[in-house]
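The structures come next, written out as structure tokens.
Both of the next two complexes hold chain A, though its partner changes from chain B to chain C.
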Partner chain A sequence: MVKKRSPIAQQALDFYLQQAQQIAQTSQNPFLSKVRQQAQERFVEQAFPTAKDEDWKYSKLSGFLAQHFSQQGISQPVANWQAWMPSFPVIKLVWVDGHFCETLSDELSQLPAGVLLESFADALQANTELGGLFANQDTVLAEPFASLNSMLFQDGMVLEVAANVTLSLPIFVLHLQTQPLHHSVLRQRVSVGENAEVTLIERYVSLQSQGAGCVNVVTEIELGKHARVQQILLQEQNRDSFYFNNQFIYQAEASQFTTFYGAIGSQLSRHQNHLFMDGEQIENQQNSACIGLGAQTVDSRTCTHHNQAKGFSRQLHKFVLEDQAIGVFDGMIRVDQQAQKTDGQMDNKNLLLSDFAKMNTKPKLEIYADDVKCSHGSASGQIDKNQIFYLQARGIHKADALRMITQAFLLEPAEVVRQEPIRRWVMERLALALQQTHLP
Partner chain B sequence: MAEAKQMIDLTPAQSEYEEINQILQKKFNYREGFETKTHVETFEKGINEQVVRAISAKKNEPQWMLDFRLKAFAHWQTMREPHWAKAKYAPLDYQDYSYYSAPECGNCAGSCGTDDAQAIDPEVAKAFAALGVPIGDNDANVAVDAIFDSISVSTTKREELAKYGIIFCSFSEAVQEHPELVQKYMGTVVPYYDNYFAALNSAVASDGTFVYVPPGVRCPMDLSTYFRINEAKTGQFERTILVAEKGSYVSYLEGCSAPVRDTYQLHAAVVEVIVHEDAEVKYSTVQNWYPGDENCEGGILNFVTKRGICEGRNAKLSWTQAETGSAITWKYPSCILKGDNSIGEFYSVALTNRRQQADTGTKMIHIGKNTRSTIISKGLSAGKSDNTYRGEVKILASAEGARNFTQCDSMLIGDQCGAHTFPYIEVENATAQIEHEATTSRIGEDQLFYCQQRGISEQDAISMIVNGFCKEVFSELPLEFAQEAEELLAISLEGSVG
Partner chain C sequence: MLLNIENLQAQIDEKVILKGLNLQVNAGEVHAIMGPNGAGKSTLASVLAGREDYEVSAGAVDFDGEDLLALDPEERARKGLFLAFQYPVEIPGVSNKLFMQTAVNAVRQERGLPALDMFDFDEFAKERIALLEMRADLLERSVNVGFSGGEKKRNDIFQMALLEPKLCIMDETDSGLDIDALRLVANGVNALRSPQRSFIVVTHYQRLLDYIKPDHVHVLYDGRIIKSGGFELALELEKNGYDEIIQQYQNA
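On to the complex of A and B.
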């Protein structure tokens, strides 16, 4: 069935299809052509979702569709990249406008043994056999923006960590947008071998403080048995920009996965985890802290598939919304019939600082096994007057009290970050963002 | 509820668990499954404008009612059957149902006097007697409207109620005798274009109950409606309107059942409740439609739109439901909290067994200031069934100081079933305080062990635990209804464990 499309949606669709065709012409590899072709077919079918699509009811695309984002263009020189770097030691990798920037990144040949890192473009060039890079394409194409990504992507990251390797330094991935109306379409694939351990930090920023750019990311993370992965993602683009990220995480037996998403920037940002627990005794934690100011729409969503027994999942998602910001949380815990002894918990707490802000929450459970412990909780409201009073009674100024409470509220999900310096850095970023609120 | 009474009479000294045990031992499955054979007038299968006109003519309806039906029918034809609920079924063939069926001597709606109880077809009377519904004016302190297929056959205690100015009659009668009230309220809460099944109902509405409680009156007894679908391949499309004027109070109960059939039967009702300033309405349902055979073939498809509006300040509307029957349930009793300080409540126990599919919940729409709502939903799934809670809490920007508390608990009995929770929470006002909690669990082995250790059989222990799980909701039901609900639960659970 062909969906009804508005003229604007149709124009945007035609524009991106045309871009896809241009890219397809340059492609040499028949396998890749097939991947793109398939994605294109799916995307035409799916088209851009509208408010009538259940999953897109609250995140409106009209702002995105009104502008056409192109992958062409000349990147601005990046002068002050140090400003975006954290103070603790990391392995630094930089992408500028969606393309890997060798000059700004650390020397790849210096990477610790057992770590293979290359840009996605290089991986496409180097390999004739690409099946491994697109093994889960059927799952990926279920999301319209992932289909769009699959037909347009040109670069990204491939990271492989061999079995039993523990990376002591975190890998820091900086994505810079330097030009307005630019489309960075990124494909990231991370596979972590058995019993290996890695911390991955991703940061999305715009060089300009104004002008819309767009980032569309598909990230796939595969964890081998007993592997441990920690992911920290900060989205700090300017408030005109757009951010779409579909993460697909596949966990094998007894692996541990932790992800933290901090949403600060973008006009419309939508971050989704699709997490598949394909082995027994898997643990994971998915947290997010989202700030919405002005006319921002902040969408954070998770879909956790408990497919095998004895899985353990925890989630905490917090939103602070001001002005006319719209917050969207959508979480699904799906427990398969086989996944007995599952323990799943999902919490969503929201603080509304203005009468015009809106919060839409859908914490969902879909359960087919009987011996499970699953729960979700959600609460929305303003700051408890008693809490303010309590602090005031202890001699704290009201303005400070408000700020303290708001900050303490928002930072809680970041406590999941294990390493102290990284945690402190993440919390500083969030606290800084909170200073832009109208709190006295 | 009279059955419940009988149970009490027969076993005065026995405890709750012994009773449930007795019922379990009887091993009967759906005791309301008998069929009544009487002379009935049933329309040919199919739906078209002629049928709509014929139903209206049969009921001797005024022009405005026919216009309403035709408008709804025209709109219905432009709509598509919704399939978003978490229930799988083949699209229905609406031409394969008959849209009107009535026992022959009871179809004189409007011309019957208040003594219509005497004019009831004896077979129909027998059916209601077997179901334990008191359709004669007897001592039971409850007024009953008994509906058999497309028409209301009896409404008791009307004279007594009339003394208070309370109108309690069938919907068809209300159309004849109180057209101004029906016209004023019909379609105001659930407009004919609201959804697919509401539109269908508006077009072919059979019968239903009309209740009007005048200002300041506290209804002295419970009002009750019993719905019975008898004819095969007949749809029942009742329309119920309940109006509580300023400062009044009424408690309304409904029950339902249908004979055992081998094809799906359709039940698409619309209930509209209007609660004015300072008034309170308590609306309780024990739904026990035929769930079908082992595979839920032939059960009732229960697609119902129930909605109430708290129009004035301090109005209160409370929905309580015990859902055990139907092959598929698709039902969301809702509250529009328009008046300041108004209160909406929803208490629900939904039990599914075999291959039953229930997608039920509520909508609380907060418009007025300081409106409060409470949702307590208990879902039990057994066998190969799917039980879904789907609910929406919406706080509009105008709802300063609104409060909502939601608790959805699911229990799974067996590993072939599913329990799902899909809440939608939309908050547009910062002063609102919204809390939502949901848990899923099963009957713990240690709980069972603990009971068995104390000499309670496994079956009894399960009944105890299940009843304890549902207590919060059952305590909201009127006493006799609560009893009936507990029994139903026990029967419906039969064979799901052990």
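On to the complex of A and C.
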């Protein structure tokens, strides 16, 4: 079936197909060519979703389609990268406009034993056999922006942590965008061996305070048996920019996965977790804290597949919306017939600071097993007047009361971050972002 | 005189609730206010604390030489007016400790005292928590979230003990307290009594008054104080109910 497109959507599609063809010409590897070819075919079928597509009803792409984002271009020099670094010790890795930057990153040969890290571009060069890097393409290509990613990506990250290795330092991945109209298309593959443990922090920022850029990420995370992974992701691009991230997480038996997503920037941001619990006794926690101001659209969504017995999943997603901002939460917990004794819980809570801000929320359960404990809840509202008065009645100024209540509301999902310095850092970023609101 | 309420009239959405209420409270006195459900007791407490929902349509309130009604709620609190709520509010995510440290320092600032740092505040809070035999871990939790009904009430009295107000208004603090908690709250109140500090205690029961022995007892009915007396009035009410007094008032 040929999809009907508006002229603007057609132009955008033609543009990205042309970019894909240029990239395809540079590739020698037949396997990679096939990956890209498949992606192109899927993308042509999918591009571009409109408000008629249930999953895209509230995340409108018109702003994205009106501009064409190119991977060509010359990066601006990065002078003050230190400003983006946290104060606690990390292993630092920097990508500039979607390309790994060796000079700004820590020395890769000095990484702790059992940790292998290379740029995705290097991984493509080094291996003739690429099957391992693209084992889950069928799943990946279900998402339009992941298909776009698959036909355009050139670089990204491959991280492998060997079995039984515990990384004491967090890996800090800084993605800088330096130019307007630039497209950073990133492919990240993280595999964590049996009983290994790692904390991964990702931060997406624009060096310029204005001018739209676009970041498109596909991240795959594989956890071996008993592996423990904690991921913290802050999206702080400027408010003209676009952000699409499709994360595919595959958990093996008794592994533990925690992810926290903080959405602060971008005109339109869409962060998706596709989480597959492919073993028994798996635990995971997916949280997000999202701020929407002005005309921002903030979309955070999860799809959690309980595929095996005794899985435990928890989620807390909170939005604070002001002005005409639009928030979107879409969460699905799917419990397979085999997944008895599943314990799944998903909560979405939203605070609307203006009458014009709008929250669209859609929590869903799809349960095929009979012995399960699953729940979901969602609530949107304004700050409770009784709460404000209670604080005022104890001598706290109204402005401070509003701020205390809003901040406490937004920061709760970040409490899952286990290490105190990281948690404090994340909370500071979110609190700082809240200062952009019109709260008195 | 610490508090002088003259001809106070207040309404909410056109509904007149306080219909010309007079009350005088001197420093160091304990006043009990009793009265049937819906009489306007909580409304009086809310208007004094500055809740915006109520519109004051007539009357004046002088608090320690100032025009109380001209002040914001937080200024009233800073100047020493305290309301223990009939229904204390839950505030998820705000720790009880941070909340009270902020509140105590707001009041200290008003009194020209230096702010307490975390350690000094901890010290101070421990002392007051012991006074009410409250569980110390309640301080670490979010304000009132997951507290039992009685714990919420006690948390409010704990706040009162920390803020050391001049005028304590307690709105049915005794409702929902078990016998031991009631005694502890009463002990807390008695410990706070001083020649400078006054109390307005709203209650339905004589039990609390047995412990804290009010100087004056008032009956509030239909938005007015219709009878005042000493402790013996509370005993009379406990025995005979409000009917007789209300009838006398309506016939007068």
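Keep in mind that, in the parts below, the second predicted complex is superposed on the first by the 440 of 440 C-alpha atoms of A that agree within 3 Å, B and C clash if a C-alpha of one lies under 4 Å from a C-alpha of the other, contacts with A are read in each partner's own complex, and residues count from 1 in each chain.
We adopt the following convention: a contact is a pair of C-beta atoms (placed from the backbone, for glycine too) under 8 Å apart; a residue touches a chain by one contact, two chains touch by 3 or more.
Fair warning: this is a prediction, and the values are worked out from it, not measured in the lab.
**Student:** Once the structures are superposed on A, label A:Lys362 by its partner contacts, choosing first (chain B), second (chain C), both or neither.
**Tutor:** A:Lys362: touches chain B, not chain C.
**Student:** A:Asp400 contacts which: chain B (first), chain C (second), both, neither?
**Tutor:** second
**Student:** Once the shared chain is lined up, is A:Leu352 touching chain B (first), chain C (second), both, or neither of them?
**Tutor:** first
**Student:** Touching A:Gln179, do we find chain B (first), chain C (second), both, or neither?
**Tutor:** After superposition on chain A, A:Gln179 lies in contact with neither partner.
**Student:** Under the stated touch criterion, which partner chain does A:Gln235 make contact with: chain B (first), chain C (second), both, or neither?
**Tutor:** neither
**Student:** Touching A:Asp370, do we find chain B (first), chain C (second), both, or neither?
**Tutor:** So A:Asp370 only meets chain B here.
**Student:** Once the shared chain is lined up, is A:Phe389 touching chain B (first), chain C (second), both, or neither of them?
**Tutor:** So A:Phe389 only meets chain C here.
**Student:** Who does A:Ser380 touch here: chain B (first), chain C (second), both, or neither?
**Tutor:** first
**Student:** Does chain A have more residues touched by chain B or by chain C?
**Tutor:** Between chain B and chain C, the winner on chain A residue contacts is B.
**Student:** Residue numbers of chain C touching chain A in their complex, please.
**Tutor:** Listed in rising order, the residues of chain C that touch chain A are 49-53, 72-74, 76-78, 82-83, 85, 88-94, 99-100, 102-103, 106-107, 110, 142-143, 159, 163.
**Student:** Considering the complex alone, what residue numbers of chain B touch chain A?
**Tutor:** Checking each residue of chain B against chain A gives 84, 397, 410, 412-442.
**Student:** Give every residue of chain A touching chain C within the complex, in rising order.
**Tutor:** Chain A reaches chain C through residues 384-387, 389-398, 400, 404-405, 407-409, 411-412.
**Student:** So in the complex, the part of chain A that touches chain B is made up of which residues?
**Tutor:** Contact set of chain A toward chain B: 54, 337, 340, 350, 352-382.
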